[in-house]
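Each of the next two complexes has chain A plus one more chain, namely chain B in the first and chain C in the second.
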Partner chain A sequence: MAHIPDGVVSVPVLVAGAALSVGGMALGLRRLTPERLPKAAMLSALFFVASLVHFPVGVSSVHLLMGGLAGILLGWAAFPAIAVGLVLQAALFGFGGVVVLGVNLANIALPATLAGLLGRRLLARPAVAGAVAAMGAVAGTAVMVALSLALSGREFLVAGQALAVTYIPLMAVEAVATAAMIGLLAKVKPESLELRP
Partner chain B sequence: MSALVLSPSAALEPPCRAKPLLARLDPRSRVLAALAFALLVVCLRSLPAAIAALMPAILLALLAGLQPGPTLRRLAALEGFMILTLLSLPFTMGGPALFSWGDWHWGLEGTRRAVLILTKGSAIALSVLALLGTLELTELGHALARLRVPPRFVALFVLSARYVDVLRAEYARLRLAMRARGFCPRASLHCWRSLGHLLGMLVVSSLERAERVHAAMRLRGFNGHLHLLDEHRASGLDWGFAAALAVTGALLAVLDLA
Partner chain C sequence: MIRLLAVLALLLVAQPAQAHKLKLFVTQEGAEISGKAYFAGGGAAIGIEGQVLDSQGQTIARLQTDAEGRFRYTPPSDAPVRIQFESGDGHMAEAAIGQISRPPSPSVASDVDLETAIARQLTPLKEQLDRMESRARLSDIVGGIGLIIGLFGAYAWVVSRRGKTS
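Up next is the complex of A and B:
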């Protein structure tokens, strides 16, 4: 649902999204030194695989965006890592779009990075950090997707609001799952959380 | 790579290998063609032009030898993402109503807009599946590098593409272990937390794998650059393809303005 296909958003939104993405990518790639490359690559492969895992919610199911986890583990390098995931999804499944890639990347990666950086400050209590980062990332993505639609034309306002509501169950699932993930990492492999991304 | 995959990996395999014509093109031409076609179609404003844009997309899909079943399923999934937007448009755009229930008016203007979005989105998705979906991911990475995408991003892309299959196999193994212990997915806190632990274990094992991979790469003198071994040259076929695409684009633009 975070993937807006081509042909929906207006040109100013496309340009704004592309500009945000280029900025984020520049910051992220600068932090992606050769030493951090294999870790980032492994995690972006993981985000792609995680998007194939379905979490049952009521009669339906959702898949995780894992934005909060990416932000906590990679910081700004989450931008290129999420970009790889989006390019893979576009090439393999035709999900998302080509021209709209900048908007989709900004919508997912910017909240993920900011929420992740916030979550890192709370790592004294790993489960709380995971839940906060995950909820922040999903809520931020919901707001940005709704904004991209609403700014593209008044006629999309209703759709934007309705979409934002559909993110609420995802927020709950993502918070519980990410809290479990970060809690597990803190127990099993604490050094992975201490690394300054 | 496929020997490592435990579960049926049909979802990740491209629907079909490219047939000769598209496969003989330089991967760079395919990337550029996908970008150019998408840019053009996004700019179309009239419904006849958008419907006409489906034709070259379908032609590309046929040339690429995409199987109709899986391709249509993917397109349907794509439209599923936008169902809310598409269904709300007829109510929010105003204009003359086609039919109404009480205060709800299904407008003509919005219907036209929704069909336009649906058509444009499908045309682009179809062309991307045909041009890029049938490329080997490594080839796609190398084509991106030849097109001056930053080398760090290309290295990240090629490495991740390589490990998607490995991690999927690992995921299938862990999931099988959970099933063997009687886990069945349900909408409950316990289930979400267990799946979270499963993904957490995947994070742990991928971080450890990353350390081993990094050590092995350092041993071989890795300095952040992947060496590109492919020797693709743009041939007459590529120029012919570009010309055909340009003519198609011009025709679509004329149809759109007419």
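Up next is the complex of A and C:
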């Protein structure tokens, strides 16, 4: 799952995740201009509560991530927004460990940012842009979680299969939700998308 | 956005908030350890593999949950053990069992029977308590959102002061 608990991943993966996260945070904080702060806070809160919306998939259940939405609206500034949400989820809900925060942040925020930046190029058609960002973010997170587990000595295919089963329905749900939200924002509040003329 | 958050808030109030996390519940009845693995707020963790570790971290036995997510194990010695379960997708749960108390002698067998019976009666209650503890509470959610507002507000304040001095 996206929130890896303590004690599962190995030390090199922890260090790599932490390094990626520090880099992403440095880039993100520079892009976090005062005008973007309210938007970042809103998306941070959305990310924080979205993890409580569950739906059952097979024997397990999966929760929303909403990384794609943060990525498309904030770009690199999604990093600090997701970081705040993740820290609070770990502290208040016990989602994911404390030592692995760097790995979890990299696994969620990096694909979210990259997919969001890709989505921003397609903003001429907002719904398509939203769907691409959401699906890219979820798929990227699934691959990165499977990689983190594989590099820690877990079976890549076992983890990959378990993740694919739960993440493909999640991709569909998030794509529809994000497409609807970006579509709505483009209509009623286009300045929130920061379209350059 | 505000409308969206309001809808989300309603969703949270309508259904009990759940946490997606592998949980392990372990009890001891006499010399036997029994337990259940489940996803917090969700169903039982069926057919996942676990292991029993001794105090040095060596694996001494392997376990697998049944169709209800339950497992049973009788340790060979009285030494404390740790039980660890892991699902394929990166969830892990661990429980420690201290010194295992065995019936000291046959003469107090009736006492032991009573204890075993009480332990069996208490098990569902303990399981329920364990489940309740793992639920995300509304106060946590509201507190978290408040913290986010405060944090970003404080950052905005710092940034605005920096803008004025330069």
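Just so we're on the same page, the second predicted complex is superposed on the first by the 177 of 197 C-alpha atoms of A that agree within 3 Å, B and C clash if a C-alpha of one lies under 4 Å from a C-alpha of the other, contacts with A are read in each partner's own complex, and residues count from 1 in each chain.
By our rule, a contact is a pair of C-beta atoms (placed from the backbone, for glycine too) under 8 Å apart; a residue touches a chain by one contact, two chains touch by 3 or more.
Note that the structure is a prediction, hence the values are computed from the model and not measured.
Taken together in the superposed arrangement on chain A, chain B and chain C clash. Shared-chain residue A:L37: touches chain B and chain C both. Of the two partner chains, chain B and chain C are each touched by A:L149.
When the two complexes are overlaid on their common chain A, residue A:I168 makes contact with neither chain B nor chain C. Once the two complexes are laid over each other on the shared chain, residue contacts for A:H63 go to chain C alone; chain B is not touched. Of the two partner chains, neither chain B nor chain C is touched by A:V15.
Looking at the shared chain after the overlay, A:V176 reaches chain B, while chain C stays out of its contact range.
Looking at the superposed arrangement, the partner reaching more residues of chain A, out of chain B and chain C, is B.
Applying the stated contact rule after C-alpha superposition, one finds that A:F95 touches each of chain B and chain C. The clash between chain B and chain C in the superposition falls on 76-84, which is one of the stretches 22-30, 58-66 or 76-84.
Overlap of the chain B and chain C contact sets on chain A: residues 1, 3-5, 7-8, 32, 34, 37-38, 40-42, 44-46, 48-50, 52-54, 56, 84-85, 88, 92-95, 149, 154-155, 158-159, 162-163, 166, 181.
On the chain A side of its complex with chain B, the touching residues are 1, 3-8, 14, 25, 29, 32-35, 37-46, 48-50, 52-58, 64, 66, 69, 73, 80-81, 83-85, 87-88, 90-95, 97-100, 149, 154-159, 162-163, 166, 173, 176-185, 188-189, 192.
Contact residues on chain A toward chain C in their complex (touch as defined above): 1, 3-5, 7-8, 32, 34, 37-38, 40-42, 44-46, 48-54, 56, 59-63, 84-85, 88-89, 92-95, 145, 148-149, 154-155, 158-159, 161-163, 166, 181. Chain C meets chain A in the complex at residues 1, 4-5, 8-9, 11-12, 17-22, 39, 41-46, 86-94, 134, 136, 140-141, 143-145, 147-149, 151-153, 155-156, 159-160, 163.
Contact residues of chain B toward chain A in the complex are 11-12, 14, 34-35, 38-39, 41-42, 74-75, 77-78, 81-82, 84-85, 88-89, 91-93, 110, 113, 116-117, 120-121, 124-126, 128-129, 132-133, 135, 137, 140, 150, 152-153, 155-157, 159-164, 166-168, 171, 185-187, 189, 191-204, 206-211, 213-214, 217, 222-224.
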